[in-house]
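Chain naming follows the written order as A, B, C and D, and within any one chain the residues start at number 1.
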Amino acid sequence: MSPKPTAVLFISCPDQRGLVAQIAEFVFRYNGNIIHSDHHTDVEAGLFLMRVEWELEGMRISREEIGEAFAPLAEALNMQWELHFTDRQQRIAILVSRYSHCLYDLLLRASAGELRGKVPLIISNHEDLRPVAEHFGIPYYVFPVTRENKAEQECRELELLAQHQIDLVVLARYMQVLGPNFVSHYPNRIINIHHSFLPAFVGSRPYHQAHARGVKLIGATSHYVTELLDDGPIIEQDVVRISHRDSVDDLIRKGRDLEKIVLARAVRSHLENRVLPYGRKTVIFD
Amino acid sequence: MSPKPTAVLFISCPDQRGLVAQIAEFVFRYNGNIIHSDHHTDVEAGLFLMRVEWELEGMRISREEIGEAFAPLAEALNMQWELHFTDRQQRIAILVSRYSHCLYDLLLRASAGELRGKVPLIISNHEDLRPVAEHFGIPYYVFPVTRENKAEQECRELELLAQHQIDLVVLARYMQVLGPNFVSHYPNRIINIHHSFLPAFVGSRPYHQAHARGVKLIGATSHYVTELLDDGPIIEQDVVRISHRDSVDDLIRKGRDLEKIVLARAVRSHLENRVLPYGRKTVIFD
Amino acid sequence: MSPKPTAVLFISCPDQRGLVAQIAEFVFRYNGNIIHSDHHTDVEAGLFLMRVEWELEGMRISREEIGEAFAPLAEALNMQWELHFTDRQQRIAILVSRYSHCLYDLLLRASAGELRGKVPLIISNHEDLRPVAEHFGIPYYVFPVTRENKAEQECRELELLAQHQIDLVVLARYMQVLGPNFVSHYPNRIINIHHSFLPAFVGSRPYHQAHARGVKLIGATSHYVTELLDDGPIIEQDVVRISHRDSVDDLIRKGRDLEKIVLARAVRSHLENRVLPYGRKTVIFD
Amino acid sequence: MSPKPTAVLFISCPDQRGLVAQIAEFVFRYNGNIIHSDHHTDVEAGLFLMRVEWELEGMRISREEIGEAFAPLAEALNMQWELHFTDRQQRIAILVSRYSHCLYDLLLRASAGELRGKVPLIISNHEDLRPVAEHFGIPYYVFPVTRENKAEQECRELELLAQHQIDLVVLARYMQVLGPNFVSHYPNRIINIHHSFLPAFVGSRPYHQAHARGVKLIGATSHYVTELLDDGPIIEQDVVRISHRDSVDDLIRKGRDLEKIVLARAVRSHLENRVLPYGRKTVIFD
């Protein structure tokens, strides 16, 4: 991670010759100093996916002018692109229910400077975790959800997120399925942690399912939320070994560590603009 | 692994007080020296599962008399039990198709003394791997399988296995689904390697499925074969990390190492009488 | 973990025939129900090491009488032994300096019921972490340490530990080397976390050492503290992959997760009476 | 891995602005299609390290002319550089003593097409592994080494390697320390596998050392050979979990799997021109 402010440009476009050269030349033309550049070609899809990061210091144009300067090249090469500035802290809303482990973990990492972002609010459908929010000095909003009021409550949550100019929504073991309207407001900007190695054990009570099947490893999966349950692009997964001795409670306990780490890695990668989702997959630029 | 000959007793019975004491006392009564004893209670099922291993040297009764001596206790406590002697080499048949990696791996481990067993024959539905068998000096039998002759060929294979007094059948990437008649002859004595982290990606072409889903880890699973495809008790699983850069061919390559190791661990545990299947699960005694 | 109160007996003695039977018979004689028993023989040392755990409910003698009842057998067989009761919460003192990650981790696990123990006090050589202690409602004592006052301060700390009837001292990134007098008061009852894969990178600044050497994995080691620096019996170790991209700061960040998990596993194992140190090693009973 | 022939250019030079752009522009000028480009800056050393790979098909100059065309830019920017063509199979000599596991592993991977290279000869100081070489149809040369004849035998080996135009020497558990003269002929082109997690347990009998220390993980390290024993730039490392139950023989057995995999990964990376050693470290381009 560079301490100096940098720009990150994500590009996806039809594959063709000269893309790396033209993009690098663009940056160099305005005297940007490239510190990372990486790309991936999905040969089957004929798709070129690139991430390039350069230091802003010393550039001949201001950061506001970069997009305009890049637009002609982007149009000529039929690119979809996004431009990010790494000194702009992303604003994160964390949604929780009753489990505190992922919430603590994210807030402690934010305090330690591990996450390039800040958390202006926490939303829950329960009162339980208010003391955690208070310990970290973060406003805590409760929206109790029932089958009847769910759509309405989600609208109010969306308003609150808009007010706070939220960039990223993190579901830190939030035990409600978000409705399609909510999801559509944050495409590839809602990260969930599912406590199984997807696509095994979709849906509810995955540790119970794993215990019943007698697997020898349990997993956790962080993914972007789409309209289909537990189906969005996977960002990160990991597993831990279990044995016949482990009860469901042991799986839950061992799983907590896994959930924390897998969610934190995904959030961190997203905040560092290293995740490029395309179709049902993601490219993770290291 | 003890260099001295030992007996291994597997016990499963309804849980009750005093089981460990009575079993240990039984061994000590005949002057057996216990070198490992371990047990597990499945609380939900009310089931006591034990493995006890002792040195035969110095026992007051011959190995032939042990079973008879144990029977009254077993009956009184409603036990199911099995008695094994570790100086008796188990006889293993390996079934293969065209991939050589698991076959080489098992034969090299057998040569290196890692497996408590010997391989008197290899069976295949193709000629391809005959040179591997010859390098290790092991007879190689080919039974080409078509939809029409499958039942018949499996009968001939069963005869051959019986002739060779086979204890364990290992499917080392054997690309045929065994029929229920074959399976019923070797309950919990056929070990398969499936190239996914079960229950994810059951069935054919799991690496293609994994690639399409965009997972970040791939797995392999060794399990006992039952009548249901990829559904038997799991013995061992492991995973390896992949990335967006990995093509299906890369998954196949990385998976090979995983398949070898996961299958070898399962076979080794079985041959050392450390696997106790019950219901749809296994207890692995370390 | 059993919810019912149990007794745990640790035994080490010269190896001989009949030990398992006689110990199991002892428990059964008083109607104890063994739920775990495991043993290990160090063949080179001729040493038998055992852990047996049984339910106290229904025993014919009180827990106070067990030791007395066991003593004759122990003497006859030349045993060293320890008896623990798992419903007795061990009392843990945590020593910290300025890093909060291990402290938070342990306190959160204690709150979540993951650790069989309670933390009546935290000791530090700095004021920094007082707010963390307050959040969890735990008294926080500061003993600033200089070269001159070190022996004296350690004496005062020992007094405080004695007052609080501390069973286990956990050094959660405590940045002082404890003197031999302090160490001698808690043999095999002080657990430290060292941020390297011992015996690589003994001493100070192990992440800097690892970075300079260009290793591809970094590790963490939890061990009992002895008079020799970073030399005591190892309880748990683990590693995480790094690359040439990782700066020393990245190693420190990645290492934090490792330190937390490795220390927590060691503390948990110790509190569950599953660690039996002998010589320079440990047996970890699963 | 691209099936089409590609060029790989390794560059190291003082860091400065515009390097990526100028190098990418160089490739594009001659109509090369970049398929991978990655770079790393060692900030402390002020060093820019890059690997760029492009398809040769459709280039406006022949592969013989590339170097000449690049030289002026290289000189202007004070670059050290190497140019490789991936359709040129590297020629590998494997040196072995008596253990067969790494030898089999490498030869099987070569047969399976996993390694971008061929093995024209195997050299040993013992006769033992000749049958393995014969099974794969590879010439096997024996040079018995004693303290007296070592320098002389190494000279004869060097002659043989020169005759066979060897690019890479792999020490697959070769139990002799190579002399400085030998090493100097293949700088960063001799890969060794050491059976410990370096820098822990340098020198002989590392598994015995690990067993005596009571570690909970054992490791393996592949590295380039330099004049100092077990000290060269590390290419790859990995570990496996062990327990108090594992004897030295168990460590040796578990270590074999580790040695095979760690050595194979290093050799594969080297053959794919993804390893750039500098100073005492390596950059591994994924």
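Here is the rule we use: a contact is a pair of C-beta atoms (placed from the backbone, for glycine too) under 8 Å apart; a residue touches a chain by one contact, two chains touch by 3 or more.
No experiment lies behind these values; they were computed from the predicted model shown.
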Taking each chain's C-alpha mean as its centre, the one farthest from subunit C: D
Same-site or different-site touching of subunit A by its copy subunit B, using the half cut: same
Whole-Å gap separating subunit A and subunit B, where each centre is the average of the chain's CA atoms: 42
Separation of mean Cα positions, subunit C and subunit B [Å, integer]: 37
For subunit C, residues that touch 2 or more chains besides their own: 243, 245, 286
Residue ranges of subunit C in contact with subunit D within the complex: 40, 43, 197-201, 212-217, 219, 233-239, 243-245, 247, 280-284
Touching residues (chain side subunit C, partner subunit A) in the complex: 1, 100-101, 104, 108, 112, 114, 135, 243, 245, 249-250, 253, 256-257, 261, 286
Residues on subunit A engaged by subunit D in the complex (per definition of touch): 17-22, 24-25, 27-28, 31-39, 41, 58, 286
